[in-house]
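We call the chains A, B, C, D and E, going by the order they appear; numbering starts again at 1 in every chain.
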Amino acid sequence: STGGGQAKPTAAADTSATDKTVNWANWAAYIDEDDSGAYPTLERFTEETGIAVNYEVAVDDNNTYYGKVKDQLALGKDIGADTAVLTDWMAARWIRFGYTQELNHDNIPNIVNLNPALRDPDFDKGRAHTLPWQGGFAGICWNKEAIPGGIESVDDLWNSELKGRVGVLSEMRDTMGLILQQNGVDIAGDWGDPEFDAAIEVLREQVESGQVRNIKGNSYLEDLKSEDTLAAICWSGDITVINAEAGDKWEFAIPTAGGTLWNDNFLVPIGSPRKANAEALMNFYYDPEVAAEVAAWVNFITPVAGAKEAAIAIDPELAENQLIFPNEETLSNAHIFRSLSGAEEQKYQAQFQSILLGA
Amino acid sequence: MAFAAFQTAEVVPQAPRKRSRIALFLLLPGLLYLVLFFVTPLISLLLTSLQAPTEFGDIGQYDYAFNWQNYVTVMSDYWPHIVRSFGYALAATVFALIFSYPLAYFIGVKARRRPMLQGLMLVLVIAPFFISFLLRTLAWKQLLSDESFIITSLKALSLMAPDAHFTGTPFAVIFGLTYNFIPFMTLPLYTTLERLDLRYLEAGSDLYANPFTVFRKVTIPLSMPGIVAGTLLTFIPAAGDYVNASRDFLGGPDTQMMGNVIEANFLVLLNYPAAAALSIILMAAILVLVGVYVKRSGTEDLL
Amino acid sequence: MSVREFAERGADLELAGIQKRFPGFTAIEHLDLTIPAGSFFALLGPSGCGKTTTLRLVAGLEEPTSGRILIGGRDVTGTKAHERPVNTVFQSYALFPHMSVLENVAFGLKRRRIGDALGRAHEALRLVELDHLAQRRPAQLSGGQQQRVALARAIVNRPALLLLDEPLGALDLKLRRQMQLELKTIQEEVGLTFLHVTHDQEEAMTMADTVAVMNKGAIEQMGAPAELYELPRTSFVANFLGQSNLFTGNVAGSTDAAISVDIAGARVTVPAARAQRHKGRVTVGVRPEKVTLLREAPAASSDRNVLGPGRVIDVSFSGVSTQYIVAIPDAGTVTVFAQNTGSGPVVGEGVEVWVSWPVEHGFGLDDVAEPSARFAADDDTTSIAAQRREELVTELEEG
Amino acid sequence: MSGEVQAAAVLGGLGESQELDSRRPGGRVRGRRLGLGDWLLPAYTIIAFVFLLIPIAYTFVFSFNDSIKSNIAWRGFTFDKWLNVCTVEGGAVCEAFGNSIIIGIAATVIATTLGTMIAIALVRYRFRARGAISLLLFLPMATPEVVLGAGLAAQFLAVGVAKDMTTIILAHTMFCISFVVVTVKARVASLDPALEEAGRDLYGSPSQVFWRVTFPLLLPGIVAAALLSFALSFDDFIITNFNSGAVSTFPKYIYISASRGIPAEANVIASAVFLFALVLVIVAQVSRAARAKRLANLG
Amino acid sequence: MSVREFAERGADLELAGIQKRFPGFTAIEHLDLTIPAGSFFALLGPSGCGKTTTLRLVAGLEEPTSGRILIGGRDVTGTKAHERPVNTVFQSYALFPHMSVLENVAFGLKRRRIGDALGRAHEALRLVELDHLAQRRPAQLSGGQQQRVALARAIVNRPALLLLDEPLGALDLKLRRQMQLELKTIQEEVGLTFLHVTHDQEEAMTMADTVAVMNKGAIEQMGAPAELYELPRTSFVANFLGQSNLFTGNVAGSTDAAISVDIAGARVTVPAARAQRHKGRVTVGVRPEKVTLLREAPAASSDRNVLGPGRVIDVSFSGVSTQYIVAIPDAGTVTVFAQNTGSGPVVGEGVEVWVSWPVEHGFGLDDVAEPSARFAADDDTTSIAAQRREELVTELEEG
C-alpha cells in the first residue's frame, strides 16, 4: 500500500558528535534577521555551540511541506531537515505515523522554561516528541495606504470594493476557523458537518465570485508586497516583519468575531542523524533572553516563560505588545481549532482543497 | 516517430540489415531502461489508480483493489479541470502558432541569404531556454502584477477596467503557457520552413496564384509537418503543465489545471488513487487527441 | 492580352536593353533579343552565363535592373509573375509534392477560374500520355514522367510563351533524347512559342529553330542550328557547339575570295566570306567530321587544305564513328571523325598520316583561341555557385 | 522533434543546415514580391523578439537589485549580488545550481549513450518489434511530465528506494532518451552507408570503421543530442519535484523560493547561465563562419 | 596474396557459378565470368540488371548465395571486405566528408600500416593532378575533382583489382568524356585490372578492352567493343549498344554462305556466319551508319540489300551528322545516319527514297524483336529502386 504510517520506520543513528551541523526547516518571516539578511541569534548559537546551522525557509504550508517529504519519511530517510517547525495538528500526524524521533530532555535543560500551559497537549503528552517554537493568531490584515479606514471583521473582506484583491490562507484551520467564528461557531467547541458546510459555502462563494484573489500558504506575504492583494487572512507576527522589510504599510487585527490561536512546534524527523544538534538548538531558543530577542523581531507569542521579563530589558514597550504577550482579553478573542478525527480530517481537507483547486 | 520528420539532413536510403545480435546489443540496454523507468511506473500508476482506502486506515493509506469507481469519481469531481486543461492548452497552442509562424517564416525563408543573422535570430528564439522556465514565469508575474507599470498603464489608457487584474486569471495562465512554449512551436516550424523550396512558390506564382493564394495553397500545406510537430510539442506539455497555473505563479483558485489537481492529490490530499486515475485519464486523452489530429492532418506517415 | 484568356497561338517576346545586377554581381550586362511567335528558340550556354536569369526575368520572377520586356507587343516589365501570360517548366519540375498529378495540372486553370479545369487537365495529361497516373503524387513518378507532368502543367494554360529551364537536365541520356523528340512534337502540335534553356549543345541543335549561344551574360552568336555550326564566329562558339580543330597563325596572303594563313609552315586557305578577320594573327578552324585522313601526302590542290605529316596518337571506336587524334608537329593535335560505314579502323595508332579538308568547310574566327588546360572543367556548376554565394554573403555582411 | 534538435545544434554551433554548401537550392530570396510588404514582417519579427526577451531583461536587471530577501520592488543598484552569489542562505542557490549541473551531466551521458545505440539499431537493422519499439520511444515524449513524475515517484516509493541525486538522474535519463534517439536517428539516417563500405573496402576492420568513419560523422548529431538532453534536464522542474527527495536543484530552488520571494542571487545565476550560453553560441557561430571563410580561401 | 602487399600488377578475377538472392528477389541467377589480369573490363547494362550487385560481391560487401570468387587464383569467397586486395571507386565517390583530401587518400595505407602513407598519398594525388588541393575537404571540390580524389584513394593502394561503380555517373556530359580519357590513361599507366560498371554504352565502348552486356542478372554477350557492336547477338544488345534498324520476317532461302529473309516483299540477305538462326521467323538488322539513302531505286546487286521506296519523315541535324528517319510501308521506319562531310542535308522531309546497305554489314539475331512503346523508359532507376525497397521492407517486417 502507498502512504505512510503502517510499518513504522526506525530512527537514524545519531552522528551529532562528529557532524556539527543542523538543518532547520522553518516558515518565512519566523526568525530574527538583520539588514544584511543574517540571523543574529543563529550566529550566536553557532558561536556558543560550534554547531553550524543551515536555516532553510522550506515550509510554506503544512500540507505542501508534508507532501514533499512524506515518501522519505515513510522510508525513514533523511529529509534534509534535522528539525522542522510544524503546526500542532500536523505534528500530531507525524507522531502518529512514527515520523518523529523522541526527544532526549536531558539535552534540553532549558525545557523548564516551557510555558506550563503548553506542557501536555493531547497529541504529545509530556512533550516527548515536540517543543513549541512560536504560537500566534490568525486574523485579518490590510494595506493601510489602500484601505485607510481599516477592516474589522472577516465580513469586511467580502466588501465588493476589495473584489479580486483579497487573499486567504491555504491553512484550512485558520481560514475556516475565522469564517466559522464569523458564522458564530465556537471552533474549540462541539461543532460538526453542518457548521463546516455552511462556512465552506461562504468561502466557495467568495472564491467563485472572484472576490478572493488567491489562496496561499506563507507566500501570501508576496501578494501583499506586490499589492495583488490589499487585504487578507494573515498570521499575526508576519505583518510586523514585512512592515520592517518593505515600509510600514500594513496592519493586523484579530477580527471582532474571533481569531484562531495555534502553536508551531519543533520536531526531529525520523531520518535525521543529528538529533542531538537539533536538541541543542531547541535548548538555545528556550533561553528566555534569546526567546525575547526573537520575539522582539517576529512578534509571535513565545512559549518561553521568563521571556517577557527579558523583553522588558530590551524594550519596555514590547511587554505591552498583544501579539507577543497577549493578555486575557486578547486571548479571550482567539480560540484553538478543535482536533479532528482521521475521517473528519480527510473529509474537511478534501472539501477545502476542492476550493483551492477551483472545482 | 512523429518528430522524425523534422530532421535537418536528407535521408539516405539504407539497405536494412538483419543482424539481430548486434541490434539486440544496441537496443537492449536503452529499452530495458525505458521498461524499468517508464513502463513499470506506468503500470504501477495504473494499479494505484484502482486502489481503495484501507479500512479504518489513517489519511493516505490505501490497499490494492479493483476500485474502478475511482475513475468515475475523479471524472465527476474534476471534469471542469479536464475541460480547462485541454481548453487552455488548445488556446495556448493556437496563440503560439499564430505568434510563431511569421517569426519562423522570417527566420527560415527571408533570412536565408544571411546565415549570420539567421543564426543570431535562432539563438534569440532559444534564448528563453537559458533562463529557467520558472524564473521567466515569475518575471511575467511581477511584470503583470496589479500595481506593475504595464497594468497601471493599461488601466490609465482605459484598455483595462480599473478594478480588473491580470495575474490569477485564465488569460494569465494561457499567456504564460503560450510564452513558455513559443520556442517549441517556432523551432519545428523554422526547420520545415528553412527547407521549404522556394521554387514551389515561384511555380505557384508562375501558375497565376497571387501571393495570398500561394501562401494558402502551397506554403501552408508544405509546412504542415512543422505545424503538426510544433502544435504537438506545445499542446502535450501545456495540457499537463502545472507551473503556469500554480497559485504561486500565474494562476488563481479558478484556473487550476489537471496537473495541479494531480499534484494536490498526490502531495496534499494524499489521495493517490485519484491522482493516478487522473494521470491515466490525462495520458489517454492526449494519446487519443494526438492520434486523431495526426490522422486528420494527413501526416500519419510521420508517426 | 489578359491572363484569363487562352492564347490561340504563341506570342513573340522582345527583350530590350535588359540589364540585371545582383548585389555585387552583374549577371546580365546588356541583352537585346527578339523571339518570333510560334518558334522554338533555344538559349544555349555554359553554367552561370545567365540563362536562368534571363528566363526568370521573362517569367517575372526577377525584376530587370533596367530595360523592358514585351510579350506579344505588350510591355510586361512592371507586372507580376502571376499576371503574365507565361508559364515555366522548371529545371527540377517544381511539381507541388502535396498535390496529385491532376491537381498539379489543374492548379493554374483553377487560379484563373477557368471552367472545367479538371477536364482540361485530363486532356493535357492525355497529350503527354499520363492520364492513367492522374491520381498519383509526383514522388510516385519516375523522372521522365515528372518531366511530362511539368510540361502538361504548363501547357494546359496555353501560355503565349512557354519557358523551359533545362527541363531535361535531370534525365539520363537515353530518356533525354526520347523526351527531346516528344517536346518538339508537342511544340509543333500546340504551336506555342517555346523558349528553351539548356547547356547541352546537341539538345539545342536538334530541337530548336533558332539557337542563341550565350556567354558571360551576353549573346555571342545566334542563328539556325546548322548556320551556327557550320560557321562559328568565335572560338567560344566553335568549341562550345560541337568540337573544332583550331589553328592559329598569321595571314600570309589574301584575295577577295579567300585568305591564307601560315600554319606550321603550311598554307591553310579559308574563304574570305567565312573569315571574320582578314589580316594579322587569326584563328582558323574546321570540324573533325570534315577532315579526312590520308596515308600518303596528297597532291597539292587549291580547293583542299592539307596538314602533315603527323602521327595518329589515339584511335577510339564509339560505334557509329571512329575518332582519330593526330599529332602534327607545330600545328598541335587534330581530331578526325570517320563514320564507320565499313568496319574496323582504317589506320592504327602510330601510323604516319596527313589530314585534309575542303577549303569551303574551313572558317576563320573573330578572336584568337587560347590553349586549354588538361583538366579544363575543374569548376562545375555546383562549385561555381557555392563560391559565388560565398562571395555574395561576405559582401552582404560587409555592405 | 528537431526543433529542439536545431536549437541544440545552434547551441553547439554545429547546425548541419548552416553549412553553406548544403543550403537548399532555390535559396534565392526575391526582393520585390513580399506579399505583406517589405517592412511588415521584419517589424513583426523585431516586436516578437522584444516580447520574447522581456522577462529575460527583467531577470537580468533585477539581478542588480539591492534587495533584502525577496526581490520584488526595485530598491537600488548594486553589484553585491553578483559578487556574493554563494553566501545567501548558506549558499543554497549555489548548491542547487551545482546539483543541477551534476545531474544534467550524468543524465546526459547516460541518455546519450543509450539513445545513440538505439538510434543506430533503428536505422541500420530491421526487426520484428519495430512498431512496438517506436511506440515505446514515442510515448515518453507524449506523456505529460506530471504523469511521468508522479508515476516514477510512486514506483520508487513502492520498491522502497529513497529519493536522492540518483533518483533524479534516473528520472531525467528516462525522459531524455527519446529525444536523443530522435536527434541521433536523423543523423544516422542521413549517413550514407557507402561511406562505411568505403571504410571497409579500404582495409578498415569493423572497429576501425566505427571509430574512424561512423562515429566522427555521427558526432554532430550526438553533440546536439547531448546539449538537448542537458538543457532538458537542467530546466526540468516537474519531474524533479516528484523524485528529488531532499535534494535541491536550481529550478526546484526557485519553485520553493517563489512562495517566499526569490533572492536576487537566483537572478544572478540565471543571468550568468544566460550570458555564458549566449557567449558560447556566438563564439561558436563566429568561429565557424571564420573557419568556413578560411577554408574557402584555401587552395 | 596478402592485402599488406602492393600488387605489382593487376590480378585476374574469376566468378564461378555465382548466384545472389535477396529476400524475395534474385538479383543474379547464374554468373560465370573471367577477367584477365591487366585488362580494362566494362560491365554494361540497364538499371537494375545486377551490375552493382556483382561489384559488391567482388568487393566483399555482399555475400554470394552460392558460387565462388577467385582473385589472382585465390578463393576469396569467405573473406571480408577489408581483407581483399580490391578497392572500389563508388558511384557517389563516398569520400569521407570529415577528412581532408590527403587523409582520404592515406586512409587505406594507414589501415594497412604502410610506411610513408602521406608521401604515397601525395604521390597519388600528383597522379590525378590534385596535389595542390590536398588540404581541402571533399565538399570544397567540384564533381570532377572529387571523382579524381576517389580514384586516387583507391589506386594508391595498388589493389590487384580496381572496381569502378559508375564513377562518372554524376558528371555532366562534357566533363564525363574528359574523365573517361583520364581514367583510361591512368589505367594504362598503372597497369591494374579495372572492372568498370556503367550503363552508358558509349563510355563502355570507348574505354574498355572487353565489354560484357548484362541483362536481368545474366551476361547476354561479351567481347571486344567493336565485335559486340558489329555483330550483336540479341535484340537487347542490338538496341542497347547503339541504335539498330531491325526487321523481322521469315527465312525465304538459305545457302551455306547466306540466308535471305522476306521483309515487306523484299529480300534481305545476311551472311550465314553473321546470323544466329538460319530458319523460321528471324530478326535481322543493320546499323544506321551503314545504311545509305538513295533518291532512285538502285539496280539489283547481290552484295547490297535494298528496301523501298519509303518516305523521309524526319531529318535532324546534330552537327557532326544528320539523322534521317525513313518510313517504309510494311517494313517500319529505318534510321539513317549520314556524316556531314559536305554541308546541309542531302534530302528533305517528304522525299521518296530507297535505303541500301552492304550485305556484309547485316546481322541476324538469336531472338525476335518486339516493338517498343512510345515512352519506353517510364521507370527509371530511382523509382524502381524505391519500389523494390518498399517491397523488401514489407517482406522483412512480415518475415
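The rule we apply is simple: a contact is a pair of C-beta atoms (placed from the backbone, for glycine too) under 8 Å apart; a residue touches a chain by one contact, two chains touch by 3 or more.
Molecules present, by chain and UniProt name: B, D = Spermidine/putrescine transport system permease protein; C, E = Spermidine/putrescine import ATP-binding protein PotA.
Owing to the predicted nature of the structure, the values given are computational and were not obtained by experimental measurement.
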| item | value |
| --- | --- |
| Steps needed, at fewest, to go from chain A to chain E via touching chains | 2 |
| Dominant chain pairing [most C-beta pairs in contact] | B-D |
| Innermost chain, where centres are averages of C-alpha coordinates | D |
| Where chain B and chain E are represented by their mean Cα positions, the distance between them in whole Å | 57 |
| Mean-CA-position distance for chain D and chain B (Å) | 17 |
| Between chain A and chain D, centroid-to-centroid distance (C-alpha), Å | 41 |
| Centroid spacing, where centroids are CA-atom means, of chain C and chain D in whole angstrom | 52 |
| For chain A, residues contacting two or more additional chains | 2, 216, 219, 226 |
| Numbers and ranges of chain D residues touching at least 2 other chains | 20-21, 23, 25, 27, 33, 72, 126, 153-154, 158, 192, 258-259, 296 |
| Two or more partner chains touched - positions in chain B | 16, 18, 48, 113, 115-116, 142, 197, 199, 202, 205, 210, 248, 266, 272 |
| Chain C to chain E touching residues, read off their complex | 129, 140-145, 148, 171-175, 178, 182, 199-202, 205-206, 225-226, 229-230, 241-242, 287-290, 316-321, 337-341, 343-344, 360-361, 374-383 |
| Residue ranges of chain B touching chain A (in the complex, touch as defined) | 48, 51, 54, 57-64, 77-78, 80-81, 142, 145-147, 163-165, 167-168, 247-248, 252-256, 260-261, 264, 266-272 |
| Of all residues in chain D, those that touch chain B in their complex | 1-7, 9-11, 15-18, 20, 22-29, 33-35, 41-42, 44-45, 48-49, 52-56, 58-59, 62, 72, 114-115, 117-118, 120-127, 133-134, 136-148, 150-155, 158, 170-171, 173-174, 177, 181-182, 185-187, 189-193, 231, 235, 237-238, 242, 250-251, 254-255, 258-259, 262, 266-267, 270-271, 273-274, 277-278, 281-282, 285, 289 |
| Chain C residues within the chain B interface of the complex | 3, 59-61, 80-83, 86-88, 90, 92, 94-98, 107-108, 111-112, 153, 157, 392-393, 396-397 |
| In the complex with chain C, residue positions of chain B that touch it | 113-116, 197, 199-200, 202-210, 213, 217-218, 221-222, 224 |
